[in-house]
Every structure is written in structure tokens, then in C-alpha cells.
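Several structures are given next for inspection.
First chain A sits with chain B, and in the next complex the same chain sits with chain C.
And then the complex of A and B:
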């Protein structure tokens, strides 16, 4: 801090600190605190706000246990609250999206970090970045068109003779998964690339020289080294997927409810911000717990991710 | 079991750059062989071709008599010790050492036992459960050797493994490496730019320059009888004289230089332009009066006491500075700066040599 005052002078440093403080306090912490506070208060007509019925309770959080529906797991059918089911499926499919992005990004990151010649690296990175310049909404619409019943994907597959009749792609969670993977795969790729790039190539050669087949070199040398990158990529993709609203709304079907859509419904259609806030915090808390649990399982420390 | 290695007309090109140019050498089973040369001379390329990371552009490499072209590094009976050692920092020491055994499907108890044995062999007992970052430079060195020995290679390839160590440790590890090589009987191929290392450790040394093997011989022969100017000047110090050479007689020839006439050994077929006369500083003698031959008057310009020897610079009247090294054993008086003396050398210890062989006819 002392250095900063020395380098930029008192005026500029104070400015920077104030702007940062404004950003964090006013735009981040304060709104969240307001939401958190309102999540414990009942949804009341304006005239009753502050009145005798405006008391703190967990009633809003309890509303997630509303109407019931069936959930089948491994052939066993449970009766669960419909919002809990949506909640569980959101977490589950976000985890699936995370796994798929990892499976796609790992070989690509390895190729970019260790195989491709440094000369062609800028071109390849540009090719990877270009889709990011297009807005998320356009990219999701593009997938909506590609996956349409009479869309280019079905036409191409049929003309190649791979399928006999059109496949209804936009059904269930598949299009949501495709859309989320496409949108967030780079958030997995770049941390993975960074961590792999820092691996001394001699270690890969040493493993091979000692007789290791390629898969064991990956399992014992490259994967452990890339673990912090995998962890930060996985956290980002998982959190972004679970919190995504646009992709599930555009590419979803009637059978693919995403919990963010539930929150949106409560907040905008029922205009019940109190319950919406409660649901949003539930999602945040459970996702954080899930991520912490996964980090514990895979032996990743928070300091590894921050690197 | 150790194996010999044959390099038969081996060539390696990187684009238009010829890194290794028709190298022929037979390395015996159980031999400690060093490739010595400046950086960029192609020695590391040779090592990487033997280990299988680079395929030769031309020629044949045989290990234990078998052509290994097309075999990946993990199929070859070689073990490479990298310049930076390339230990696995996320595995404990014993897993590092046993990695090659793990790959071969050896069970955990046996792997652990073998790692302990190898740690004892490289004089590092009790380090099995430490991490790489907890070890010193010399200890990491030993772990790298143990890891390579664990796969029981026929040939050990060492890529300047001592270059990162400080002088004392380097000298200690030289002896250690040599002892391990003798104990295990494995063929060692050692790459270095440090002539001291190569001469001290090797059974034979191959001196390289610009992709070509200049001379292959035992260390004494390399130092005492270099075949060309490159070998002479790369290995050890020299006083170098140039000038026209008269026709040789009986293996000796006379060179006319601006600093006098000097007689020295000359090999058959060496003559004419591009030859130089080389004589080592330790063979230069001082006397008060001129000797029968190879003598020139000089003035002592600098005397540096180096400990075990004294380095003397003396300038001839014609402007050439001769370097002489006198042993610090009282056998010769130490001249004072400014003294007028005559410097001379025995024709038998000086040699007229051609430049390095670079172009191939």
C-alpha cells in the first residue's frame, strides 16, 4: 500500500481505492445484503411493509418444498417437491456439463500447450476466441437453429446416410447441455492450458523414457500437474452453468427446467422478490457446498485455484 | 546387462541445418564414453537420437547389435538423465525411483523395496518418503541416477547432469558417477562441454565440432595427441603459431614463423596452408641462454600465482605472447616481471595440426 502511494501519488491512489471500494461495497456487497435480508421477510403489499406481519422467518426458503412430482433414479421412483427436483437436476446437469467441457478441453489444452509449434499458437488462439466476440444470445440462437427438427444438423446427418429420419434434438436436457458446453468450454480450456504450459516437457519425456505408455504419463505426470487448472476451470464452468439463465431459456424444452428459470419465474411473474432472493441464496449456498465437497474429494486446496 | 552402441553414418538435419554429420562410432558394452564439444556441436542431438526422441535423418543406430530405428523411447533399453533431471515433483522420492517399475506392473511392496535398495546404492538412505523439493542439488542428482538405474537399462545416457552443481559437489559427483558405473557395469554415455569432466571420468572421449566427430580416443591421447587444431584448442590451453611449413622428415617438420623457426611433430599427409603449431603451456621452458632449437628471446610481462601452478606471460621481441605454466614444486625458478629470458619447447611435445575437419569430401 505504501508502495502504491509512492508510485502513483496520494491523489490517484485515493481515487483508485475509492473506486474499488465503491465497486465492492455498493455494487456487490450492499445489494447482496439487501437481497439476503429481504429473503427472510414475507412478500407483503406495500402498505403492510414494516407492519406487524413483516417479521423474519424461513418461510420463503420453505416454499421450495411446494407442489410434488415424481423423480426416478435407477428405476426407483420418489415423490419429491417439484422445485427440489428442478434444483437437483440443475446441479446434476451442471456437473455433467463440467465433465463434458473437461473431456473436450483436456486434449485440446494438451495439444496447445505441448504439441503445437509456438509459431501457430496465436492463430489457433484467435480461432478459439472469435466465437466469444459474438454475443451469448446469438450463439444460443445459432444452436437453436442448428438443432431444429428441419435444421442443418438433421439435414446433414440424413444426407450423409448416418440417420434415416430426423432426430428431435430439442427435447429434454440435451440441447441445454450442448449450449452450455459450447458457451463455457473456454472457461475450462484456458486454466487447463495455463497449468499444462507450466509443466516441464522434460518430465513428459522422462516418463516416456522410463517406459511409460502415453496414458500412464497423462495419469501420473500431466494430470496431477494440471490439477489446479482443472479445479479452477471446473469451478467456473459449474458455477456459470448452474447460474445460467439464457441458455436454458432459449434451448430448453418443457421437460428441462433449470432452477434459474424457477427463480426468474418467482421474481418476475409472481413479482415475489423475497422468495426469489431466498431461492437464489439456496442455489448459491448449495453450489458452494457442492464445489467445496468436490475440492475435498479431489484434494484441491483453495490456494491452488488462486494461483 | 549392458549393451554396446553403434552409430553408423548417422546424420540428423533440422531443416537445412545439419546438426549431426556422418558420425561413426562403436561404443563398447560397459564403457564410460563421453561426447565432448561446445554447445551446438550436435552432442545432445546424438543423445536424443540414441534415446529415441529424435529419429536420425540418415544412418543406423544399433543398441546391443539391434537396429533401433522406429522404436519409441519407451521401447528402448536406454535410460536418460536429463540436464535439469526432470524428477517428478508431485511424487515422493521412492515413487520417482520406482516409476519405471510401476510402468512395468511390478507390485507396490517390491517397488518400495527396490527403491530403498537403489537409494542405498546411490548413498541416500532414508530419503524414500521425502519430496523432491526437500532435497539438495546433489541429492536430486542421486535420485535421478537411481530412477534411471531402476529400469535396469543396458545403456545410461547422461545429458550434462552435473552442470547445475557447484564446483566442489561437481568434483565429488564425478567420482561418484564413475564408481556407480563401475559397480553396475552399465554402459554410460555422457554428454558434456566440460573437458575436465570428460577427461576425468571417461574410458574414451569423442570430441565433436559442428556436427562432426573430430577424434575418438582415450583421455590421455585426446590431450597429448590431438588430431587437429579444434581438438587441441578445445581441450586444454595452447600456444599457437602459424606460418609456412617445410617438407616433413621423419615425422617432424619446421615451421617458419615471424617469431622464429620451430620444429614439431607432424602427421602424415599434413602440409601447406591452414596448419598451425600447437604447444601446451606446461611444456614451455625458460632459460637464460638460447637452447639448440625452438627457442626465442622474451620479456616476462605477467606472473600469476594460481596455487598448484604459476602462470607466466612472456612477450617475444616480435610481439607474440607466450603462455607458460610452471609447477609450484620448486623444480624451476619463478621469473620476475621484466626479466629477459629465452623460452623454448621440446619438438616432441609440440604438434603441427590441420584445422578441424568440417567439410566432407
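And then the complex of A and C:
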């Protein structure tokens, strides 16, 4: 700090400090504190705000326990509140999406880092980057077209004789998963690639020379080295999936509620900002817990994830 | 054995690229199909009417203008904020640095829905209503993190001795900043501005909660897909993809040209050295 004053003088240093303070305080901490505070207050008409009924309570959080429905886990059926079910399924399917993207991206990251000739890398990356620059909404819209009942996928499968009649793709969670995987797989690929690329190829050769079969080389040499990449990719994909509103809204159906849609309904349709704040805070907690879990499991720090 | 592995790798890579790119082609192709619904099957016939419809849709133009305005606002705020944050992080150490770094990186990991709602509620306390200005502030809160990371990475290769030398030689503080530090950071600042611009154009979650009835392109497309959808959206999508593609190719060509110049310079230097020896 003292160093900064010496280099840039009082005026410039103060400016740097003020700008950063504006970011951290006004744009980040205070809005989140406001949200936290409002989540405990009742939703009242403007005239009653600050009045005798304006007291703190957990009532907004309690609203997640509204109407009930059935949820089956491993053949056992529970009766759970609708919103709790949506909340749990959002987390569950986000984890599924994370696993699928990992399975898809791992071989590809290895291929890009260790197999392909470095000369063709720039072109390959350019091709990989194109969909990344195309916005999320257009990427899910593309699948909206492809998965339509009379759409290209059904027509192609039928003309190939794989299926006899159209499949209704837009039903349940599968289209949401398809859309999320397509949209976020690159967020798994690039961190994995970055972490594998720094692995000395001699280590792989040494393992092979010593008679290690390919799967053991991956399990004992490459996977451990790729840990920070896996953590980073998993965090990104999980957060983006759990926080996605576009993909479930475009590709979902009535049977596939996503928690962000619940929040949107409360905020924009019921205009109940206090309950919206409570639900948003729940989503934030889940994401924070997931990041901490990943950091612990993979033994990495936040700075490794943010790379 | 490695041959099979390499072959499998090539096949998988190709399949993956097809998987990534074909949906975009399908979407683009549907823009030319003379069918009321956006699809490529059945192919009714070639038409350009969706592009004409798009051109005549005033809502698209307003949404386009709003998107650009918001993106410019985000760049104007996120770039100086991210740069200041990176300079500050770079000149402190210890516990404070770790805490501050955590705070600056965290917004990338906060769901956009949360950022949107918290921004809306916070400014509502000061009677600042929803609107595009709040969308800008909400987006800046996490986009500045990207700028910060890029600038911080660039600062690692900065030789602080240059600043000391300049100060010793009588340069003023603002001269040190303008003539020594910032020029070194320009590539990162430029990349940061580009990323901020694109992130802002793409943004949906934050904008949806803070926009207050105003349209941006993503919100417009979203509302169209949910209500009556026509292939004008595909026409818009195709134009956006072509724009992106154009930028990507331009970027790659510039990179290749630079690499060629670098290589030529290196060769020149080698020849000169050989001639000296």
C-alpha cells in the first residue's frame, strides 16, 4: 500500500482505492446485504413499509414449503413440497450435466493437449471458440429447432430407419440436459485443457515404458495433474447450469421446473421481491457450498479455479 | 497402439466439432426456409422475406440500440474498475490481498439471477427504479472481474523497476502511470474491453431482472421464442453468428500476420548475428 503512494502519488492512489471501493461495496457487498435483509421482511404495500407489520421473520423462506407433490428416489416415493422438489432436482440435474460435460470433454482435452500436432491447434481452437462467442440464447434456440416434434432430428432418425415414429423430445428434463451440456461443455473443456497442457509428456512416456496400461496412466498420472482443471470446470459448469434461466425456459416443459424459473415467477409475475430475495439467497448458498466442496475435494484454492 | 489412439482422437475431435457446429448451421439455414415455423424440414423453398421482416421490425432496432448502449456503458465502467482492482491487488500482499482477491473473483461465480435481484433491491432503496442503467451496474459487478483477471495476469510480467527508474529520473506520478504502466497493460485492457463488450451483449439473467420493461436483443429473442415465433429470429441469429465469425476470422488473421512478422524478425536477427560472426 505504502508502495502505491510512492509510485503513483496521493491523487492517483486515492482514485484507484475509490474506484475499487465503489466496485466492492456499492456493486457487490451492499446489494447482497440488501437482498439478505429484504429476504426476512414481509411483502407489504408501500404504505405499510416500516409500519407495525414490517417485522423480520423466516416467513419468506417458509414459502418454499407451499403446495406438495410426490418425488420418487430409488423407487421410494416421498411427499415433498413442489418448490423443494424443484430445488433438489435443479441441483441434481446440474450435477448430472457437470458429469456429462466432464465425460465428453476429458478425452478431447487430452487429445488437444497431448496428441494433436501443435500446428493445427490454432485452427481447432478457432473452430471451438465460434460457438462460445455465439450467445447462450441462440445456442439453446438451435436445439429448440432441432428437437421439435417435426424437426430435423426426428426426420433424420426416421429416414435412417432408427425410429419408426417421431419422439417427443421436448418433455421432462432430457431436453434441458441436452441444451445445458451443449451450451456449457466448452467451460469444462478449456480448464481441463489448460491443466493437462502443463503436464510433462515425459511423465506419460515414463509410465508407459514402465508397463502401465493406458487406464492406469490416466488414473495415476494425468487425472491427478488435471485436478485444478477439473475443479475449475466443474465449478463453472455447475454454477452456470444451476443458475441458467434461458435453457430451462426455452427447452423445458411443464414437467421440468428449474429453480431459477421459480425465482423468476415470484419476482416478475407475483412481484413479491421479498420472497424472490429469499429464494435467490438459497440459490446463492447452494452455489457457495458447491464451490467450497469442490475446493476441498480437489484441494485447490479460489485462485486456481478463477484461472 | 498409439496409432489407434490417435485415430480415435481425430475421429472424436471431428465428431465433436460437428456436434458443436451443426446446430448453428441448422439454425442459420432455417432463416432461408419459406415456412412459417423456424425449421429446415420440410424445405418449402428459398426466401429472403425473414430478413426483410427483420429489417422492418422496429422493436428489433430499439433492442439493438439498447444492447449496444448497455454494452458501451459496461465497457466504460468495467475496464477502469477492473484495471484499478488489478493494480491494487498487485501492490498489496498477505491476508488483505487474499480477502480482496476472493471478493473480486466471487462475482464470476454468483448466479446472474442473484446479481440481478440484489442490484434491483439495493437501488430501489434509493428510489432508483429498474431500467437499463441498473442493467449496466449489475453487469459491471461481475464483468469487471474478468477485466481484473486479465490485467492482473499482464501485471505479472511488468518490471516495477521501470517505474522506479522513471521516478528517479524526475517523472511525475501521472507520467509514470500514463507513459510506463498503462502502455504495458494496453493489450490486456484491450482484450478486457472486448470480453466486457461480448459478455454484456450475451447477458440475459442480470438484464431480465433489472431492465424494467426495456428490451435488449437477448430479452427480445427470449420473448419471441416464448410467444409467436417466426424465422425472423433465425435471420437475426444468422446475422449475429456471421458477425461473430467475421470477428473471429479477423482476429485469427491478425494473429497469424503478427506471428509471421515475428518469425521474419527473428530470422533477420539470426542472419545479422551470423554475418557478424
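FYI, the second predicted complex is superposed on the first by the 272 of 307 C-alpha atoms of A that agree within 3 Å, B and C clash if a C-alpha of one lies under 4 Å from a C-alpha of the other, contacts with A are read in each partner's own complex, and residues count from 1 in each chain.
Heads up, the rule we're going with is that a contact is a pair of C-beta atoms (placed from the backbone, for glycine too) under 8 Å apart; a residue touches a chain by one contact, two chains touch by 3 or more.
Predicted, not measured: the structure shown is a model, and the values here were computed from it.
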| item | value |
| --- | --- |
| Touched partner set for A:188, first chain B, second chain C, both or neither | neither |
| Partner, of chain C and chain B, that touches more residues belonging to chain A | C |
| First (chain B), second (chain C), both or neither touched by A:225 | first |
| Which of chain B and chain C A:211 touches, first, second, both or neither | first |
| Contacts of A:91 with chain B and chain C, given as first, second, both or neither | neither |
| Partner chain(s) touched by A:127 [first = chain B, second = chain C, both, neither] | second |
| Footprint overlap on chain A, where chain B in one structure and chain C in the other make contact | none |
| Residues of chain A that touch chain B when the two form their complex | 200, 202-203, 205-213, 216, 220-221, 224-225 |
| Touch list for chain B against partner chain A, complex | 51-53, 72-74, 78-80, 82, 84, 86-88, 90-91, 99-100, 102-104, 147-148, 150-151 |
| Chain C-facing residues of chain A, complex | 1, 3-4, 6-9, 11-12, 15-17, 19-20, 22-24, 27-32, 34-35, 38, 104, 107-108, 110-112, 115-116, 122, 124, 126-131, 133-139, 141-146, 148, 150-152, 155, 182, 214, 235, 239, 242-243, 245-246, 249-250, 260, 263-264, 267-268, 273, 276-277, 280-281, 283-284, 287, 291, 302-303, 305-306 |
| Chain C residues within the chain A interface of the complex | 5-6, 9, 12-13, 16-17, 19-21, 23-24, 26-27, 30, 37-41, 80-81, 84-85, 87-88, 91-92, 100-115, 117-125, 137, 140-141, 144, 149, 160, 163-164, 167, 172-174, 176-177, 198, 201-202, 204-205, 208-209, 218, 221-222, 225-226, 233-234, 237, 240-241, 244-245, 247-249, 252, 255-256 |
